[in-house]
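Next come two complexes built around chain A: one with chain B, the other with chain C.
So, the complex of A and B:
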C-alpha cells in the first residue's frame, strides 16, 4: 500500500540518500581541496599572498631541477622498498606464530598489535631516545655483543635504517591481524587432509597456506606502499628530516616548501607528482593481481 | 507505520546535512556601539594569562573597544595566519616575528604605521627595535612587543661543587674554555655548544665577523666567522667540553637535566628554567674581539585590511606603553621592549632573584638575526647554513669546509 509520498519517491533512491552525507563530506573536504591544489600547482600561490596568478608549468620545471625534490623522492622510495617486504614478512611470521589456541595467546596478539595504536609522536620520541649514543638502549645492547654502534640518528647512512626499524615495529601488528584473519579462514579439512597424506609443515605452508594467503599479501603490500609513500610523522619527530636530508621524505619536502616557506603553489605541484606516482603504482599493481593472487572459490 | 518511519528518517537526514553545512562561520557578538577587534597571539600558557590581563586593563580604560584574544599554538600560528590572510579575515592586530614579517610585509599584509607613530608620543629610540621585524621599504609596519635576547645560563650548584668562580662580564672565549674544562668530568660537560643560530650568530659576532656584511654580501666564509665556528666545534671534538649531537637524548635540554654546567639560552626561557631544582643564574656572553649577542623581537602589527585601524592602533599603543609593558614585565616571560621598563624594578625585581639585567644590558651589543629567507638559509636540515654546519657538528667536515659550503649555498639561495 504505497502512500502518495512514497509513490513519488522511488525505492531505488534510498541508497543514494544514505550515501549523501558521506558524499557531501567527501566533496567538501577531499575533492574540493584536491581540485584547488591541482589548480594552485599552476599558479604562484603563496601562503601570505592574497591573490594567485597563473604561471603555467613553471613550478613543475623548477621541481624537476630541484635537488631536494630528487633526494626526497629517492629517500621515500628507499623507505618503501625496505619497509614493505620487512613488515609483510614479519607480519606473516607473527600471524603464523599466534595462530594457535594455547592459553595466553591473546596476550601476545595484543602485545604485537599495541604499537599500532600508540601515538606516532610518542613512538618517535621514545625511539629517538633508544637510539641515543652511549646511553640509549639500542647501543647498550649492541655493545654487549661487542658491536661498535653507529650514531644512528645523526649518521646519514644509518638514520633511515633507524627510522625504518621503528616503523616496522610500529606497523607489524596491524598487518599481523590481517594475516591472522585470513589464516583462520583456511579450511581445516585441507590441513587435516595434508596431515593424513604425510605433508611436512613446510609443504603445508608452501602449497596450502601461502596460496590462500595471497589476498592478504596483496592487501598488505598495497596499503604498505601507499602509506609508506605518505610517511611524515615518524621522520618529522625522530630526525626532522636530517641528518643532511637523509630522512627527508616527499611529504616533508611538501610540508617544508608549502607551509614553512609558504610556497603553496610549488608544494602543490610536488603533491600532484606524488599523486600521479601513486596512481600509476596502484593501476599497475591491480592489473598484475590476476597473475599471483588466488581467491578461494574462484577457478 | 513504516511510511512514517521513512519520512522521519528522510527529514532528520536532511536536517543533519543542513545543520552541518551552516554551522561554520564564527559569530562576533556586537553590542551596539562596541567595536570588537581580534588579537592573534601564540598560545603559550604564560602568554595567555598576561594577554587576558592586558585586555582587562585596556578595556577598563577604553570602554567601547572590546578585544578578543585568539591564541594558536606557535607551530600552527603562521599557517593559520596565512590562510586567514588568503581569505581576507586576518586578526586586526597580531603578533609577528622576523621570519614571517619578511614574507608578509612585501605582500602588503600590514598597515603602514609611520603616520600613526608621528602623531603619537611613541619614540622608537626608547625601544629595542629590530629592523627585520618592523621596517619594510623605509616604512615601519610593526612595533616590538618583547625582546628575545641571550645570555650565558650557568648552574651555580655545579660551580660551587667544583669551587670555580662564576662567569662575569670580563670573560673571554679562553675563560669559557678553561672553566668548561674544570667542569667536565664523568657524565657532565662544562658547556653546551649547540648547532643553533643564536649560538652561531653570537660567536661569529664576537669574533668580529658576520653571516652577511653590511652590503648584504656573504661574509660567513671570512676568517672571523670561520674562527668562531671552529671554536664551537673544537669545544666538542678537540677540548671535549661539550657533548656531540646524538650523545644526549633528543628534545631534552641538557642544562635542565644538569648534564652541562653552562649553556646559551634566551630571555624567553625564564619561566620554564625557574622550575628547575638547582641554583642557577645568568651572565653576559663572553667577548672575544668584541661583544655580540644574537637577538630578535616578537612584534605587533596591524592587518592592512582591518575594519578598525584606529581601535587596533589604540590597543597597540597600550601594549607598548609604560603601563602595558610593566604588566608584561611582571611575568618575566621575556624582556619588555620598552628599555626603561626593562631596566626598572617591574622587570628586574619581578619576583625572580636572577640577573635579568644581563638581557637589557646586552641589547647595545645586539646582533640581529638575518631573517630574509630564514627557512632556506638558517633553519631546517637542508637550509643553506644548517646543512653544512650539521656535518661540522658531527665531526665529518672541518669548520673551514663548512663555512665555504654555507657561503656557496647562501649565494645559490639569494640568486634565485
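So, the complex of A and C:
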C-alpha cells in the first residue's frame, strides 16, 4: 500500500511544504476574514467594542430600506453601465488604429497606455484640477467652442460623467493592449483572402475581424464590470462621494459605514450584497458566452 | 484613396489623440512648474509662462517626502518579493508535482480570485488592529508573503488562468 502510494505521488511531503506559505495566507488572510465578514454581517459588530451579538438578518433588512444604500447602488450601476461600453468601444477603435506597421506606431501605443501606469490618486488630483470651474483646462477648451460649461464636480448631474470621463481616459489604454494582442492573432491569410474576394474594409471588419475579437470583447467587458463595481479611489479623490451623494459608490458606502462610522456588521452586510451582485453577473455572463463569443478552431 | 494621403491622415489622427492623452499629464507638469502666485492667472494652460522649480523645492522641504519615498520603496520591494515567494512556491507545487488534494487546492485558489478584496476589507482591518499593525507598514507587505486577496491584481491573474484560448 505504502509503495503504491509513493509510486503515484513520488514527491512525498514536498508539495505540501511548497504550499505552506499560501495555505497559511489562505486561512489567515482569505478564508478567515471572509468567514468573519459572513458571521459579522449577522451581528451588531462595532469598531469600538470587542463583543458582538447575533441580531439575525436585521442588517440586511435595514440595508434594503437605507436610502443612501439605494443611491450608491444606482450610482455604481450608472458608473459601470456608462463606463464599460465606452471604454470597450474606444479601446477597440484605438487598437484598430494602432494595429499597423507605420513608423512611430510604438510611440503612439505607449502614449495611449501611459495613463494606466499613473496611480489613481494622482489621476484624481490632475482631473480635479482640469475640471475646476472657471480656470480648468476642460472648461477653457469648451468655452473656445462657445459651449457654456457645467461646473462638473460641483453639479450633481455632471459629477458622475466627469468621473467616468477621467476613468475612460485612464483605462482605455489597458484594454487597447488586450485588443491589440488579439488583433495580431488574426491570421493574415484570412485578410488576404478577403482582399482577393474584393471585400470592403467595413465588410472585412464586420465579418472577419469582429468575430475573431469576440473573446477579447468578452474578457474586457467582464474585467471592466468587475473593476467598475469596485470603483473607489478616483471618486474618493475627486469628489469624496459628493455633491449630495451623486458619486457615492457602493465601496464608498461600505467604507463610510464600516471604517468611518464604525458600523462593521452593517458594512459587512453591504459588502456581501456587493459580492452576490458580482457573482450573479459573472455567472449569467459566462452562461451567455456561447451565444456570441467565437473561439477560433473551436466552433 | 491614395496610400500616401491615407498615411498622413493616420498620423494626423494619431497626433490629435496623443494631445488628448497627454494634455492632462502636461497640464499637471505645467502647474507644477508655474510660480504659485501666477497659478490662477495661468491656470488651464498647457505650457508654462514663467518656469520655476520652487514648488518642488518647497514640497521637498515642507513635507516629509523622503519618508514617503522610503515607505513606497520599502513596500513596493517587499510586496514584490513576497508575491514572488508564495506564488512561485505554490505555483510550482500545483503545476509540476502531484499530491493528494491537489485539485481541491487548485479549485479553491482559483475561485477566490473572483472575490474582491473589499469583501474582506472590514475583517482585515480588525485583524490588523488586533495584531497591533494599524498605522504601520506591515499590513501592506506581510500578507503578500503568504497569499491574500488583492484589489487590483485579480483581473490580471484571472486573465492568466483564464481559459479563453
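The definition used in the following text is that the second predicted complex is superposed on the first by the 274 of 299 C-alpha atoms of A that agree within 3 Å, B and C clash if a C-alpha of one lies under 4 Å from a C-alpha of the other, contacts with A are read in each partner's own complex, and residues count from 1 in each chain.
To be clear about the criterion, contacts are C-beta pairs under 8 Å (C-beta built on N, C-alpha and C of every residue); 3 or more make two chains touch, one makes a residue touch a chain.
Just so you know, these numbers come straight off a predicted model, no measurement behind them.
Trainee: Check whether chain B or chain C contacts more residues of chain A in the superposed model.
Mentor: C
Trainee: Of the two partner chains, chain B (first) and chain C (second), which one does A:295 touch, if any: first, second, both, or neither?
Mentor: Touch partner of A:295: chain C, not chain B.
Trainee: Pick one for A:115: touches chain B only (first), chain C only (second), both, or neither.
Mentor: A:115 sits against chain C, while chain B stays out of touch.
Trainee: Given the touch rule stated above, what does A:137 touch, chain B (first), chain C (second), both, or neither?
Mentor: It touches chain C, and chain B stays clear.
Trainee: When the two structures are overlaid on chain A, which partner does A:21 contact: first (chain B), second (chain C), both, or neither?
Mentor: both
Trainee: By the touch definition at the top of the document, which applies to A:129: first (chain B), second (chain C), both, or neither?
Mentor: both
Trainee: Considering only the touch criterion stated at the top, classify A:68 as touching first (chain B), second (chain C), both, or neither.
Mentor: In the superposed model, A:68 contacts chain B only, not chain C.
Trainee: Scan A:260 for contacts with chain B and chain C and give back first, second, both or neither.
Mentor: first
Trainee: Of the two partner chains, chain B (first) and chain C (second), which one does A:48 touch, if any: first, second, both, or neither?
Mentor: First partner only, chain B.
Trainee: Classify the contacts of A:227 with the two partner chains as first (chain B alone), second (chain C alone), both, or neither.
Mentor: After superposition on chain A, A:227 lies in contact with chain C alone.
Trainee: Residue overlap on chain A between the chain B contact set and the chain C contact set?
Mentor: Touching chain B and chain C on chain A: residues 9, 18, 20-21, 24, 47, 125, 129, 132, 135-136, 259.
Trainee: Give the list of chain B residues in touch with chain A in this complex.
Mentor: 3, 6-7, 10, 13, 16-17, 20-21, 78-79, 81-83, 85-86, 88, 100, 103-104, 107-109, 244-251, 375-376, 380-382, 387, 390-391, 394
Trainee: In the complex of these two chains, what residues of chain C are touching chain A?
Mentor: Where chain C meets chain A, its residues are 7, 10-11, 13-14, 17-18, 20-25, 27-28, 31, 40, 43-46, 85-87, 89-90, 92-94, 97-100, 102, 105, 108-109, 112, 114-127, 143, 145-149, 151, 154-155, 158-159, 162, 164-165.
Trainee: Contact residues on chain A for chain B in the complex?
Mentor: Touching chain B: residues 3, 5-6, 9, 17-18, 20-21, 24, 46-50, 68, 125, 128-129, 131-136, 151-155, 238-245, 248, 256, 259-262 of chain A.
Trainee: In the complex of these two chains, what residues of chain A are touching chain C?
Mentor: Those residues of chain A that touch chain C are 8-11, 14-16, 18-26, 28-34, 36-37, 40, 47, 94, 97-98, 100, 102, 104, 108, 111-112, 114-115, 118, 122-123, 125-127, 129-130, 132, 135-137, 139-140, 169, 173, 215, 218-219, 223, 226-227, 229-230, 232, 251, 254-255, 258-259, 264, 267-268, 271-272, 274-275, 278-279, 282, 295-296.
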